[in-house]
């Protein structure tokens, strides 16, 4: 099993979820994060102070899947999350050794 | 038998400055002792002015602001606060004058520049009320009316919130108040005041020979003609159902259609970012609206109390009505529904507040809650415009309902106070006979006129602003949110 | 020597409608010139009414709402706003009539239906104040009292917040105001007014022969008997310590015990989701409470100013007192403590506000802050009920303290204004001799009566509602939060 | 020709208690009928008092609180609410007496203890206004002035927010109001009142022989000398530009320099945690400020209306001005800028509000918006002090600007109302001839005196408090946030 | 070492923490996340719009532990977080190569 | 490639970012989390209730890097995030099998 972590632009979440669902991936976990990268943030002005805001709002999506699905999932995310503009985000693939569904105690493949 | 106080009756709207100077021929006739403002009235009008400002900021600003996504919160707040600042300046520069002076040949439609920059107005200048012999300081009358001019365009911005360009809002508001609001307010609310009419009517009665009678009658006609067009029609609008709500509501509808739907409309979750703010806003609207409605009586008497009671119970009825209808149809009673019903009730009772009785107002409120619920859900979804904050569904629909109902509920046999008659028994504030059909027809005419005039002129103004500076921000800025894109700040940080 | 103004003294509570019509035998005696409302008074009562609404929404709603977890925010706001809407309608339908008309044989306990649906009340109808010869429009008196009827049940819902079923709240509130609030308000606040007493007392004095004297005395007794039971006892309650706070506080305690503790009480962190909102609420409660207390004077005179000053300084003292006690005992002075002390002070000074002097009020405030602190911490933890927002600890305990203190602080030698005597020197607003024991005993009787009546009847009502529709949501909904489960929305989105 | 009402003119500030008792020699001369408060005036002053409290809590508290980081939100709210509680108690204990009684030999600088604990003040006691023969209940005058004493020190705490120790704030505030605020308010606002002057002036006119004339003149001089030092200079300050804003602003600057910069200042993002709260605060400041400014007229007449209008339009102009200047210079118009401009306008118009005309006020507002913008950005950055919430840049700079402008705009030829002359035509409220140079010079003197006195004494007080209990929390607590470290709670939970 | 990631229902956090503490696991990191899975969300109503809310609030718990503890920790979490109803969540096990305590520089086992 | 996860004190974020930037690491993702560990929290007082707050605000920093950089990155974080007081946090190193830049489709090393 693998854990796919994708950092994407917030307004792309629904599209990515739809793409994954159509692949048969029905579970995922989403976190609001801030990303720092090449994409330049805006400047904020507060009375005497001006701040270059360098951390931008992003969504982190985590999906645990069977190893065989990795390519399809990467493709689906890439296509649905891409705007072609800087700051579109990254995808990381990491190994998962075990998985378990708390409700039933099912394990690994069955737990996903 | 126990008649402690003359209640004030009035034809239309919210008062008139003592306009004698505009009619010099009558000046010598006005030999009656000049009235002095009662300090209770002055206090009431000072407070009412303050309450209408409270209703706008923070009231309306929060009601609207809570309904948008947090990335657009500041844009809504800024638009409303800036509108108040801008319009209050235009009002003292030329708005008050255009609205509340005689416009000469154009007087049916608009006033003149006699009082531009408040020329000639001192702390001693009096303004007429709806009661004979009762005046208030003109400065407080001017300020009270200023708050109406400020809130009306602020209502409009809700229709195209979350996508409009800030500079476009400023330019549009400046044009709109000048070409739409000031004329409509003049047409509906400008008149010579009760004392001018009483004096002229008494002269007619006193005239000894036919020739004198004719001269006096001509003078009386001139006084009666010294009023805006809709006022002369005899339409009833106690506190601004037509001038404020229908006017703003139709402009909002036209605006949101011209500017187009929000990016992601119908697909993305556009849930209100803080219903807490919306609730605070609704509550402050209610609180401040007492100044709006009961203040429009211009006097602290039993009729002001009646307007306050009507504004209380119609609102309660409408809030409850929306809640129950939504509960029945959607399965759950929401706070947003309750708060929306409250606002719908406030809007609907506005034109009726000093004319209807409390039970009539409750019926009006019950109907308004249900009707506006459908306007904001079924109707909006059926037609498919994106009126972000339901300016049309609440203010225009509620305003129309209220305007028509006013023609019905003013009927004394339904608990109303009746139509005022300033001429037949000058100075005694008598009540005219009531007839349903003409009363309702004149209301319909006033509604139709306002819808057409405001709708068409607003459409032209939107198009012009769109061509010259553009109404809408680029899509990317809309996605990022107007707060950062247009104002360089965020509403909430940690 | 420099006596510029007659200050108003009064026995109990908040005024009386001119009730002559209910006593036709006296009508002819009332040959005095009918008084006309002073516009300053009318303005003051309009504003006071508005202030009490402000105090409820958004004031109380935010004070309470800020204290719950964010998943239950909207449920609290909805319950309070819906209570205001519902009760104001019931009030104009029959509540005002049941409270402020003569109830015939049941008059000791409850009024009748003579003014149901506001029958016969016009903008000209007058209502009595506490000064002879001073009236205000009955409509504004009715509206002012309406806001009291609205806030009282809204106070109760804090006791069982975060777990109660919305429909149960609506049904309970409707029953409770009808069977508990209207009767208690009638018993405490209904009387014939000072002019009726003065007229009857003068007739006694003027009676020439013993027979006439006897007839006149019977008439005077009838006027004095034309009042609610607690009023006749002579209990003092300037602005509603008994009627509003003890009444609501004990109902809240009974309710939270019957409904049971929140899931996770004592284990989960149930920290207030926004103390900012709680602070806004406390501040608006303070601001609006001036209408509640100083408005209860019904007149804009020096006594209204006294009530305002007392409401200011007792509150400041109580806020400070809670802060300091908490600092000493818990080690840190919290905003929640300060704000709670502010509310406790407002509650405690309510019955005393027009009777005590400023220094007496400060002492009362200092005591109230400390006592309520212990009631909301040690006492609550010791007994172990889950009164979510401390309705009992603040309103009932503070109300009892204030009611008793009123009997003491009214003493002129302690800076109080003394007990009013409307009969001995009719029309001159004289002051009775003060005696400590009887003054305090009658206060204790009134407190005890209210605790028992409200406690028992409320308990029955809660049980009935529980049986018929259920008081509490299912546990799963409680965990998810009432906002989503009951209202289908969330307070905050991004 | 149509002069319905005498407008009220006045030399300085906000009223005077009828101080005859302090000058027994004159008592017998005061044979005029004792005036009775007008209920319209009483109502207006009750409301104005309430409005100034609203402006402080929640107004100022939210304006400030929104600007700090969320970890310090409660600390700001607590400091402001506790300041109100503390100062209102000190005010009734001895503050009112020190400010508004004759101080004997020290009378130029400070009053005495005659009215400590409100001794001798009853609901019937009258206080003078600025019009001859017009009084209000002393209790409401006392309460109105109390709110000024409460808000002034609350303004200061913004300068060193996010790092100050709570106990230090309490001690400093208690010392500061006693040694700085009460004296300055006495010096600027204490006088014998218009009736005392008129009576004495009439006695001079009526005196038959030179000896009597001389005696009478001596008595008149004594009345004129029965006033604070700055009042005697003839400086103009309608509603507290000097006493409140310059006074607090300079104390804030001194305080933030002594206490030092926040940890991370200039490096960490210290963005306002909720501009929504700041906007609510700014709006409530505006709303409440009408009580502050128009209430300072002490009477509900045309001049109160003028003050209200000025407070409206100067504020609008300043808000707009800051917005536009920021837009031009920084590229984006921010809500914080607009709201800051609004507050700057309110501050600047405060001393001028009853003296200037509306157009003069607009010019003042336009200048104030731009000048305060530069004070809060370029000036602050250039000098490098860390005035967390720009108390100096807005209140001190705006206050100085307004004080000087008042000397100019009072000129009738610029639309102002002119300088009052109570002596030349006693009781007729005549206007003096206006001369620019002396008018401006006396304003400059008053500004300079206040800057020096408040600046120096405040610095000493800060140093003393720092030595005895320490002004600042430890760095670790500052990092964690004052809410948890000092108050044991967090503003927001889920 | 392993990193155990558990997605659980928010109101179960205290129980899970207690269960872990009694195993001797004294450190963990918690994130508020939104989960998408079989559990159906509620519907929200705002004027004309009705939204099926498909992302539900969950808590993500991350615990780095010695490899030997994995089974015990999984058991402890499963037992304390289970309600038996849909949406109880998942547990994932991933390898951790190195660990370090910033304060002391201690490494791996000692860092936990 | 490795994923470095660091749990740090919130006010140290800017310093850590600067340290990483000067190493040439220009991308990272940041999450607001709550941490439980040896560091004792404060007590909060609300009317009758006193709560020992045991979860403290922390920042979780995630950086994907080339394996060769691991030591340097760990050092940089350790030095910039250390205050020497309890609660300074942890660093964990985990393997990453694949990485991808959504915008361009670049992979692995080039994606970082």
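Note that the chains take the letters A, B, C, D, E and F in the order they are written out, and that residue 1 is the start of every chain.
Here, a residue touches a chain if its C-beta (ideal position, glycine included) is under 8 Å from a C-beta of that chain, and two chains touch if they have at least 3 such contacts.
Everything quoted here is computed from the prediction, not taken from an experiment.
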item	value
Chain A to chain E, fewest steps along touching chains	1
Given chain C and chain D, the chains that contact each of them	B, F
Chain pair, B-E or A-B, that carries the greater number of C-beta contacts	B-E
Geometric centre distance via CA averages, chain F-chain A, whole Å	18
Whole-Å gap between the CA centroids of chain C and chain E	50
Centroid spacing, where centroids are CA-atom means, of chain D and chain E in whole angstrom	56
Touching two or more other chains - residues of chain F	31-32, 44-46, 94-95
Two or more partner chains touched - positions in chain B	38-41, 43, 47, 269, 271-272, 274, 280, 330, 332, 334, 336, 488-490, 494
Which pairs of chains touch, using the document's own definition	A-B, A-D, A-E, A-F, B-C, B-D, B-E, C-D, C-E, C-F, D-F, E-F
Chain A to chain D touching residues, read off their complex	44-51, 53
Sites on chain C touched by chain B in the complex	18, 34-43, 46-47, 49-50, 53-54, 57-58, 61-62, 65, 73-74, 77-78, 81-82, 84-86, 88-89, 92, 117-118, 122-126, 135, 137, 139-140, 142-143, 146, 166, 274, 277, 280, 486-494
Residues of chain E defined as touching chain C within the complex	11, 14, 42-46
Parts of chain B lying in touch with chain C, wherever the complex brings them together	2-5, 7, 38-41, 43-44, 47, 51, 69-70, 269, 271-276, 279-280, 282-284, 286-287, 290, 294, 299-306, 308-309, 312-313, 315-317, 319-320, 323, 330-336, 338-339, 342, 357-359, 362, 417
In the complex with chain F, residue positions of chain A that touch it	2, 6-8, 31-38, 54-55, 58, 60, 70, 74, 77-78, 81-95
